[in-house]
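The data blocks that follow each hold one structure.
Heads up, the next two complexes both have chain A, just with different partners, chain B and then chain C.
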Partner chain A sequence: MGSIELVCPAGSPAMLRAAIEAGADSVYCGLRDDTNARNFPGLNFSPAELRDSVAWAHDHGAKVLLAVNTFARAGAGDRWRASVDAAAGTGVDAVIVADLGVLAHAREAHPGLRLHLSVQAAAGSPEAIDFYAEAYGVKRVVLPRVLSVEEIAALMREITVETEAFVFGGLCVMAEGRCALSSYVTGRSPNLSGVCSPPEAVTYTEEEGALVSRLGGLALDRYAPGEPAGYPTLCKGRFDVDGGLSYLFEDPVSLNAMSLLAALRRAGVTAVKVEGRQRGKAYVARVASAFRAAIDALDQGVDPAPFERLLSDLAEGGRETAGAYRKTWR
Partner chain B sequence: MTGRAAPRRSGAAAVVLMALRHPAERLLTLALRRVARRRPDVFERLGEAGDVTFIVAPSDLPVAFRLRPGGGSGDVQVIRAADETPRAARISGPLLTLLALFDGRCDADSAFFSRRIRIDGDTRAVVALHNTLEAAELTLADLLGVGPPFRDRLNAGLSGALNRLRPAEGL
Partner chain C sequence: MTDPIQLTLGPLLFNWAPDRIRDFYARVADEAPVDRVYLGEVVCGKRAPLLDAALADAAERLTHAGKTVVWSTLGLPALRRDRKSIAVLAAEQEMLIEINDISALRGRTGPFVAGPLLNVYNEGAARELMARGCVRLCANVELSLDAVSAVAAACPGLEIELFAFGRLPLALSGRCYHARHHGLHKDACQFICDRDPDGLALKTLDGRDFLAVNGVQTLSHGVQLVDAGPATLKAAGVTALRLSPHTADMVAVASALRDRADGRIDAAELAARIVASGPPGALVGGYLRGDAGLRPVGAPS
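Presenting the complex of A and B:
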């Protein structure tokens, strides 16, 4: 059984270098526009920065994967095609794509370009994955974060392409690629605009000692003094319904599936992925370092348990979960 | 320390620091403009947030800093912490945490989740500033406008001091 590949996020060239120096085998990043799902101000790469970073990564034995993983909008498809063309010109090792039209363009215009299917495509069945592999030559599928480890193992027995599974970071609760909650309030969504809860629609105010987060003027949560806070997303909002206050969709928690690394490897997963291009150098250095140590321990037949608690303070809301990988309610 | 002594001491410290503000303002403004000259990529990444007025307010100091990036003609002013001067965005937290955020050794989201830092006003500008600093790899020597040959020695010294203080600050 071979080692599992560690794929880490990079929101800037500096973060890319930090990830690789801390032990990432591959780094994924995006260009500075809405063709990727982390379209935040000040984040991402210019084509020139991407070219230099790819060269630096290759010199250091690492790969670079470019996310062009939002859905192309009618009348604006040129931008998505241009991103794929730019990727091909910079020597990236693969492009991560969700949209059928973008996949078709990549396949036709750059037949040598390796294609990974984004988590945004939500391909979680053998039939769906086979379709992408046969129609577009997709070599790897990033699995939607709705499958248990047992379901992944069953899936792997029926497919021939590589798979990549998220193991750490922010956790979306909706079916991958189909969340429009942010659009209802702000007009922009991660799948189309590359941004969930765009920062221009977010405000924080102190009210009677509490921190109140709002999106588009709607209150999402009210944190008591000292209470850990979460991201300002509707899915993590705490609402008063029929006199009861609760998180209707999902608690503010982060994914940490380090304890399931061995099971994911046994299931046949090729690579594990860390979320968080919008975080920074300190975050990616710590996460990459901890997962590098855990993967190396696994490779040497050593229990990686000592590394599992190293990252708890990075979690949204100060809490971690294994997410759908452990569906105890099923 | 009694309840009344603390505000009196803080008020006295504010008077002293405000009296000494001009050299600090000059030093920080020159450092900002030097970065603008030498690293135009930083301001390009900052985008529209370069025209925004930020207040950076160390919660353990009686003074705050008003930052106007403004391309190559920006400036930094020292103001009283309680000064409600017009601004687009405000970032506050312990000084050591803010310094650790500046040079990228502290994860900003974690600092926010744990309530060690607070932001209000134009969230988009704050996000742009954070992402720009993350990418810029500026050091504490850049903040003080110190160049070679003292830059590396100063960075090593300041980093060492910051690292020693990190556990106490929860960094």
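Presenting the complex of A and C:
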């Protein structure tokens, strides 16, 4: 069994170098516009920065994957096609794509460019994955975070392309690419604009001695004095159903599936992925080095368990889960 | 003169009892001015075995009444059984079907409607689907009318349907929120989503109506209404309006939208008649204006 590829996020050239120096095999990043799904102010790469970063990564034995993973805006497909063309020109190792039209352009204009299917394409069945492989020559699929390890293992027996699974960071509880909650409240969403629960719609206010977090004016959670306040991501909010308050969709936890690395490798997963291009170089250096150590331990037949607790303070909201990989709610 | 705008009835999204389903479609067949009815379980594959017989009866009744019946595929296949149900429909190459997950495209050569749960956001994606047999697109609910218009303009011959009435289908999950709310496991859910024929209402902490849970699906609490008149719709390339089934008086809803689509009533009268039909939430319409979906219908922000 070969080693598992560690794919880490890079929101800037400095973060890219930090990830690679800490042990990432590959980094993924986006251009500075709405063609990528982390379209936050101050984040991402200019074409020149991308070119220099690809050269630097290749000199250091690492790969660069460019995320052009939002859905092109109607009537503005030129920008998405230009991102793919820019990627091809800078020698990136693959482009991560979700949109059928962008896939078609990449296939036609750059037949040699390696294509990975973004998690935003929501391809969770063998039939969907085969369709993308046959129609567009997709070589790797980033798996939806709704699958358990057993389901991934079963899936791998029916498909021929590589897979990549998220193992750390923010956790979508809805099927990625199939969620419009954010645009319903703010007008902007992952599929429309490359952002979820966008920061400009967030406010925190003091009300009756409590801190209330809001998105688009809607109260999503309330914190007692001294309690750590979370970011008001819609699906992590507290809601009132029949008069009872609960985190109906998901508790405010984030994903840490380090304990499942061995199972994911046994299932045949090619690469594991860390979320968080928006979280900076200190974050990525710590996460990359912890996962590097765990993967190296696995490769040497050593128990990686001691590395699991290295990252618990990084979780958004301070709490972690192995997510759908262990389907306790089944 | 261009053709009148069609009215269609979308697939029933909720877990209604078989008798209720039969009665509902019998009335639609006899009284509702809709041209086409989509049938089939698109939300949760576990429900399908309970409802298949009732839906088959509905299909027969509707066909006899002169309605076109189009079967819709499941939106988020989770189990082998779900995949099989999609493959069985997709293999009917001579029959028009509605596709709600990319799974159904594998091996499909016959004509299909791209349903609103597919991610088609632009003309490039629409053209890819047309090359594979797509004859009609029911636009994803996030799209503005300007975006729909741009897709239509770049895709001559593609019929365009808008989600014109009903709670908006906003998200699908692997997890069942009805089961979670009632402390049940998904595999032993007792089909408890049948308690909420329009979905389980959810409010924000400050008491505002917000969403409605329907098993693995999350809908808006607000009810979308497309109130544009026929000239605006036709200029945008829209050829059909989709009504999503609710406990409201759907014959009244269809009659009101028929009158609006034919230019007999204005937006204000449409809204008044829709409110009188008993929709399960306030009327919203932000998405069509490129705004947040929960903004009220007819009220630019």
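The working rule: the second predicted complex is superposed on the first by the 326 of 330 C-alpha atoms of A that agree within 3 Å, B and C clash if a C-alpha of one lies under 4 Å from a C-alpha of the other, contacts with A are read in each partner's own complex, and residues count from 1 in each chain.
Please note the rule applied: a residue touches a chain if its C-beta (ideal position, glycine included) is under 8 Å from a C-beta of that chain, and two chains touch if they have at least 3 such contacts.
Remember, it's a predicted structure, so these values are computed and weren't measured experimentally.
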Based on the superposed arrangement, let me know which partner A:Ser125 touches: chain B (first), chain C (second), both, or neither? second
Under the stated touch criterion, which partner chain does A:Arg222 make contact with: chain B (first), chain C (second), both, or neither? second
Could you figure out whether chain B or chain C reaches more residues of chain A? C
Classify the contacts of A:Tyr283 with the two partner chains as first (chain B alone), second (chain C alone), both, or neither. first
Looking at A:Glu200, would you say it contacts chain B, chain C, both, or neither? Reply first, second, both or neither. first
What is the shared patch of chain A, the residues that chain B and chain C both contact? none
Show which residues of chain A lie in contact with chain C when the two form their complex. 71-77, 80, 98-105, 120-128, 130-132, 134-135, 144, 146-147, 173-175, 177-181, 183-187, 189, 191-192, 212, 216, 218-222, 235, 237-241, 245-246, 248-249, 324, 329-330
In the complex with chain A, residue positions of chain C that touch it: 75-78, 83, 86-87, 101-106, 117, 119-129, 140-143, 146-148, 150-151, 154, 168, 170-177, 179-181, 185-187, 200-208, 210-211, 213, 218, 220, 286-287, 290-294
Under the definition above, what is the set of chain B residues touching chain A in their complex? 45-49, 104-110, 112-115, 118-120, 122-132, 134-137
The answer for chain A against chain B in the complex is residues 11-15, 40-43, 198-200, 202-206, 211, 223, 225-230, 278-283, 286, 313-318
